[in-house]
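See the structures that follow.
Both of the next two complexes hold chain A, though its partner changes from chain B to chain C.
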Partner chain A sequence: MGWDTALFVGLLGHSLGLLWIIVPAVLLGIVVGAIPGFSAQNTLIILLPVTLTMDVDTALTFMVALYCATHLGSGIPAILVNMPGTGGAAATCLDGYPMTQKGKAQQALVVCFIASTVGGLITSMATLALLPHLAQMGLYLRSVEMVVIMLFGLVLIAAIAAKDLLKALIAGFFGLLIGVIGTDHIYATPRATFGFLELYDGVPLIPALIGLFAISEALMMVEEKMLVRTDGKPSRAAQWKETIEGVQLSIKHWWQIVWTAFIGLFIGIIPGAGASIASFVAYQQSRMFSKTPELYGTGHPQGVIAPEAANNGVTSGTLVPLMAIGVPGGSTAAVMMVVLQYHGVVLGPRLFTDQPLLAYGIFVSMCVSYLVMLLTIVPLARYMSQVVLIPTQYLVPSILSLTIIGAFANRGYAFDMALAIVFGVIGFIARKTNYHVTAILIGIILGPLFEQYFVRSLRIGQGDLMILFSSTLGNVLWAFLALSLLLPWLRTRQQRRATAKEAN
Partner chain B sequence: MRQPTASRRRVLQGGLATAATVGLMAHTRPAFAYPTRNFNVTIPTGQGGGAERLARAFDGPWSAMLGRPFEYEFFPGAGGQVGYELFVNRRPADGHHLLFGNMGPEMIMYALQRPNYTFPDDYIYFCRLDIDDSCVFVRADSPIQSIEQLVDMAKQRRLNIGTSRIPHPASIGLLALGDATGAQFNLVPYGGGNPTYIGTINGEVEASVLPITGVISQGERFRILGIFNPNQSVFGAYTDAPLVNDVFGTNLPDLASSRSWAIHTRWADENPEHFAMLEDTSRRVFDDAAFAQAFEQTGAPVEALAYGDRELCTNYALAMIELTERYRDVLSAGN
Partner chain C sequence: MRGSEADRERKAIGADLVIPLLALAFALYFFSSIWNLVWEAKANGVVIGTILLVLVGIQLGRSFWGVWQGRYRLGFDDLIEPSGALFRRIALVSLLVLFVATFHLVGTVAGLILGMGSMMFVLGQRDWRWLIGLPSIIALTIHLLFVVFLGARLPAGPIEQGIRLLIGG
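Moving on to the complex of A and B:
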């Protein structure tokens, strides 16, 4: 089916008529996304009895708006207090929080909001126009290609801590070791669970995330009176000027918003992949192609744009396999599928001919949701950024209590609260000894996925390692990966030579 | 200390008498004392899967009869072991906590992993909802046209076959077929039905084995090559695929998956009237057209629905344990 302007205008009018449900869903989504441990998935499960009573259009619009808003909301605490609301915002901490420490929280928030909403908006529109082709694209990526995509994320371990590669690798391998806890992917045999039932499904991401980032950061904060490094100067109230600066920064880097959002879209299409992978891969790619890679990790706006645009690009991508082939691309899409099937909606290719209003309407609702977010949240950055001016003696207890509840809320295990504290202590020690907590987290997030695809590839290759180089697309990705590793090395070498010449 | 006055004494006596009467009524009217709150259901697989869809299709009419709604919790992991361990050991045996599981693969997991609970001492299945034969299928445009062709190819070289998990009735079926015919199959577990469909569509595996209702609900995307059923399949209206035993003259056992409600054995034994009420109402759901309609809306064939009582479920589950013991070597990591 080609582009149909009349259909699009009709769908837009229909979605605008659902603003009454989009606005509260967006507000709820932002709040839920901003609290570590409360994800779109568990919120939608809690609200399932409500959505099942709505008509299918309204229910779907509500779920989509909430889902998109959680991705945006998760960046807020990542920037302000160095604790990502979800795994998808973990990469945002790398530059978002240093911007806050430099007193640029407001600009960072504005950049984050614009990258998120514009990235989400562009990819939703692209999905609307290219849906059948995108659905096919997801099928080209098999286990072998996924192994390489996972490696793109894993090489970030080395990239983020170039100053001390050995410590970064130790932290990354430590994360990978933690990632293998749980049952194996072939025979479901428990490994290193120490008899804890709660670890059979692997180390849960949320308590690890909360511990490594939120709790360890809170422990670090105790040593400071304020988050912002004021250097003795009194803090001043936020100005509109800083919001405008953030808008200008976003406009300046518009192309980066576009291409990193598309990284998110393509990764989102792959069933099983998600925002965490997309944001790390986008950050790594953004750093690689940057003219100033050395600025990444020091509070560089482009380091906020890449992960935020990517994790919002994922939102439309993850719905593609659900709508086009009836297979949910992620856990949130799985909840949406329950609602759709409850209403008798038959998913798959026929959906686009039988119920085009519903099939395409979901992506138009997504566009409208992003527009609502763009218009409502950007002006609020001025007020949100004031959080950093709260003295740590009040901020730390609030963060600790909220995040510990978040650790419990995700799975309902008291064990997860203890686990979050254990990871908090690990994170605190890591920070004190200059080991990068993000490197540990990358290992925890990507390790199990890498293992899953790697072991499956080997199983398909019946033990032959050459299976990893058996596909054309896979080999192209391998070449890109090699380039990702070589390019920074060549660039550093070139710079050293230039410096040596100048010295001579 | 002041003594109660006569009027106060009368009030106290009246209060005690009322309390005793209410207490007695509560004790002598068990039918009205259950259920007293919402049902909490543990599902040992992830949300959005076949188990959740079937449970939700069933709970509409059932909760109308019981007067209480159902709330779901999902505890996937270790082939269902997490959900079962949690249900048996950490959920109170109060009749308000139920489990909804897939007896086939989950009894295989039970037999293989030997977890910290015992069937049927700790929990019992009491209401089977469906019979879901295992089948072998390929994507619609696959060059493999028949089960004979698949087996012939597998005699020449080891074929990659997708499956949800290795400890699964469908996987046992294929391994048993390989044993019987000399064909070589390499099982590739995808960790769920949905990823297995993707692996089949994108050609990563040559064929796959899964329960048939899910494959039928995927429409014309797949072609079913053969069905594992020792007697007669009820899915003839949806596929002309033959029974594997008929094609090869084998004697492969019943390899169907069956979803069922389960409850703590202790509660069922201690509360026979309440348990009988649960059994009776769950059976009557099958007479309600709303259930079949809700089930059909998931795209699955209504022919799969088949009630089974506690005895039937127990026999099925024990037979699955016996089957697992026969194939333990190929199903476990020790192989």
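Moving on to the complex of A and C:
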């Protein structure tokens, strides 16, 4: 089906007519996304009885708006208090929180909001135009290619280790080994579960995230009276000037928003891959192609743009395999599939000819949701940034209370709260001794996925490692991966030579 | 006296070894748990665990060599200083553990009010209006958001039952 302007205008009008459901969904999504432990998937499951009573268009619009808003909301605590709302915002902490510590929380929030909304908007429009072609892409990516994509994310462990490579590698491999806890993917035999049934499904991501980031950061904050040092001067009220600065920064780096959002879109299309992988890969690629890679990790706006644009690019990508071939790209898409099937919608290639209003309408609703977010949330950055001025005496107990409940709410196990405390202590020790907690988290997130695709590839190849180099697309990705590793090394060498020449 | 000053000048690296030692212990436990499994179940873990052991070995070797040469000492300064903050941290973690152990009995709202109030006390707040007011607002907001709006099943205690009676639930 080609581009049909009349159809698009009709769909746009229809979606604008659903603003009454989009606005509350966006607000709820932002709040839910900002609280660790309450993902879009959980919220949609809880609200399933409500969505099942709506007509299919309204239900789908509500779910899509909420889903997109959670991706945006998760970046807010990552920037303000170094506590990502979801795994997809973990990479945002790397530069978002240092910006806050430098007194640039408002700019960081604005950059995050614009990168998220514009990235999401561009990719949903691209999906709308290229939907049938994009749907084919998911079919080309198999276990072998996925192994290489996972390695792209893992390379970030080395990339963030600017100060001490050995410590970062220990943290990363420690995380990877923690990620292997649980039953194996083939025979379901338990490994290193310490006898806990709660660990048979692997280490749950939410308690690990809450512990490593929120609890450990709260324990770090105890030493300070405020997050931002005012050096005795009275704290300055937030000004619109800083919001405008954030907008200017975003405009300056518009191209980065575009290409990192597309990384998110392509990774989102792959069933099983998600926002966490997309944001880590986008951060790593952004750092690699940057002219100033040394600024990453120190509060660099581009380090906020890349993961935020990518994790919102994922939102439209996740829905592509669902609509085109009836395979949900992620857990949230699976909940949406339940609602669609309840309403008798048959998913698959025929959907685009039988029910084009529904098939394309979902992406138009997504565009409208992102527009609503862009217009409503950017001005609010001025007020949100004031959170950093709350004394730690109030902030620390609030963070600890909210997140410990978040750890419980995800699965309803008190065990998960205890696990969050254990990870909190590990994270605190790691922070104090410069073992990067993000490297541990990358390992925990990517470890199980890497194992799943790696073992599946080996089984297909009957144990022969050469299976990993058996596909053309896979080999192209291997070449890119090698380039990712070589480029920074070549650049450093070039810089050293230039410095030596200048010295002579 | 001079000896202790020289001691202080040397960098304390004991804290730096906590994560590698934890990783080492976990890797050994991991190997013991997968020893008899089929290759599909242990291939990935063996590769990762072996690399981790090598890395930890290098870090430990490097650190102990430095101690042997007199450049480092095995102190835990990074973790225990400043001492006031250490006590506050231990108290906060203990309160969290206490909350996890008791919130099924006292209910989420009461547990949060008591837990959060105690944490604020540990962090230096002595004004009882703050100690009761802020935790109550946060706990009731959590109840409203998680339980009333989102339908999450958090353990209920006397306060939740009171709220239910009040709103006729």
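To be clear about the criterion, the second predicted complex is superposed on the first by the 500 of 504 C-alpha atoms of A that agree within 3 Å, B and C clash if a C-alpha of one lies under 4 Å from a C-alpha of the other, contacts with A are read in each partner's own complex, and residues count from 1 in each chain.
Going forward, a contact is a pair of C-beta atoms (placed from the backbone, for glycine too) under 8 Å apart; a residue touches a chain by one contact, two chains touch by 3 or more.
This structure is a prediction, so every number in the text was calculated from the model and none was measured.
Novice: Once chain A from each complex is brought into register, does chain C clash with chain B or fit beside it?
Specialist: With chain A as the common anchor, chain B and chain C both fit in the superposed model.
Novice: Is A:Ile186 touching anything from chain B or chain C once the two structures are fitted on A? First, second, both or neither.
Specialist: Both chain B and chain C are touched by A:Ile186.
Novice: Kindly classify A:Arg459 by the partners it touches after superposition: chain B alone (first), chain C alone (second), both, or neither?
Specialist: Both partners, chain B and chain C.
Novice: Just checking: does A:Lys241 make contact with chain B only, chain C only, both, or neither of them? Give me first, second, both or neither.
Specialist: The answer is neither, since A:Lys241 touches no partner chain.
Novice: Once chain A of both complexes is superposed, is A:Arg493 in touch with chain B (first), chain C (second), both, or neither?
Specialist: A:Arg493 sits against neither chain B nor chain C.
Novice: Would you check which partner chain A:Leu169 touches, where first means chain B only, second means chain C only, and both and neither mean what they say?
Specialist: Only chain C is touched by A:Leu169; chain B is not.
Novice: Counting only touches as set out at the top, which of chain B and chain C does A:Gly412 meet: first, second, both, neither?
Specialist: both
Novice: Residues of chain A touched by chain B versus by chain C: which partner has the larger set?
Specialist: C
Novice: Would you check which partner chain A:Val327 touches, where first means chain B only, second means chain C only, and both and neither mean what they say?
Specialist: It touches chain B, and chain C stays clear.
Novice: Is A:Leu197 touching anything from chain B or chain C once the two structures are fitted on A? First, second, both or neither.
Specialist: first
Novice: Please give the nearest C-alpha separation between chain B and chain C in the three-chain superposition, to the whole Å.
Specialist: It comes out at 5 Å between the closest C-alpha atoms.
Novice: Considering only the contact definition stated at the top, list the common interface residues of chain A for chain B and chain C.
Specialist: Chain A residues touching both partners: 184-187, 189-190, 412, 459.
Novice: Quick check: in the complex, which residue numbers of chain C touch chain A?
Specialist: So the residues of chain C touching chain A come out as 15-16, 18-20, 22-23, 26-27, 29-30, 33-34, 37-45, 48-49, 51-52, 55-56, 58-59, 62, 78-79, 82, 85, 88-89, 92-93, 96-97, 99-100, 103-104, 108, 112, 115-116, 119-120, 123-125, 130, 134-135, 138-139, 142, 145-146, 150-154.
Novice: Could you please specify the touching residues of chain A with respect to chain C in the complex?
Specialist: These residues of chain A touch chain C: 31-32, 35, 38, 43, 46-47, 166-167, 169-171, 173-174, 176-178, 180, 184-187, 189-194, 215, 218-219, 222-223, 392-394, 396-398, 400-402, 404-405, 408-409, 412, 414, 417-418, 421, 424-426, 428-430, 432-433, 435, 447, 450-451, 454-455, 458-459, 463.
Novice: Where on chain B does chain A make contact in their complex?
Specialist: Chain B residues touching chain A: 46-49, 52-53, 56, 69, 72-79, 81-82, 85-86, 109, 113, 158, 160, 165-167, 186, 188-191, 194-195, 197-199, 201-205, 218-219, 221, 294, 297-299, 331-333.
Novice: Within their complex, state which residues of chain A touch chain B.
Specialist: Within the complex, chain A touches chain B at residues 41, 45, 49, 139-143, 182-190, 197, 200-202, 271-272, 321, 325-328, 331, 333-335, 337-338, 341-344, 346, 348, 350, 411-412, 452, 456, 459-460, 462.
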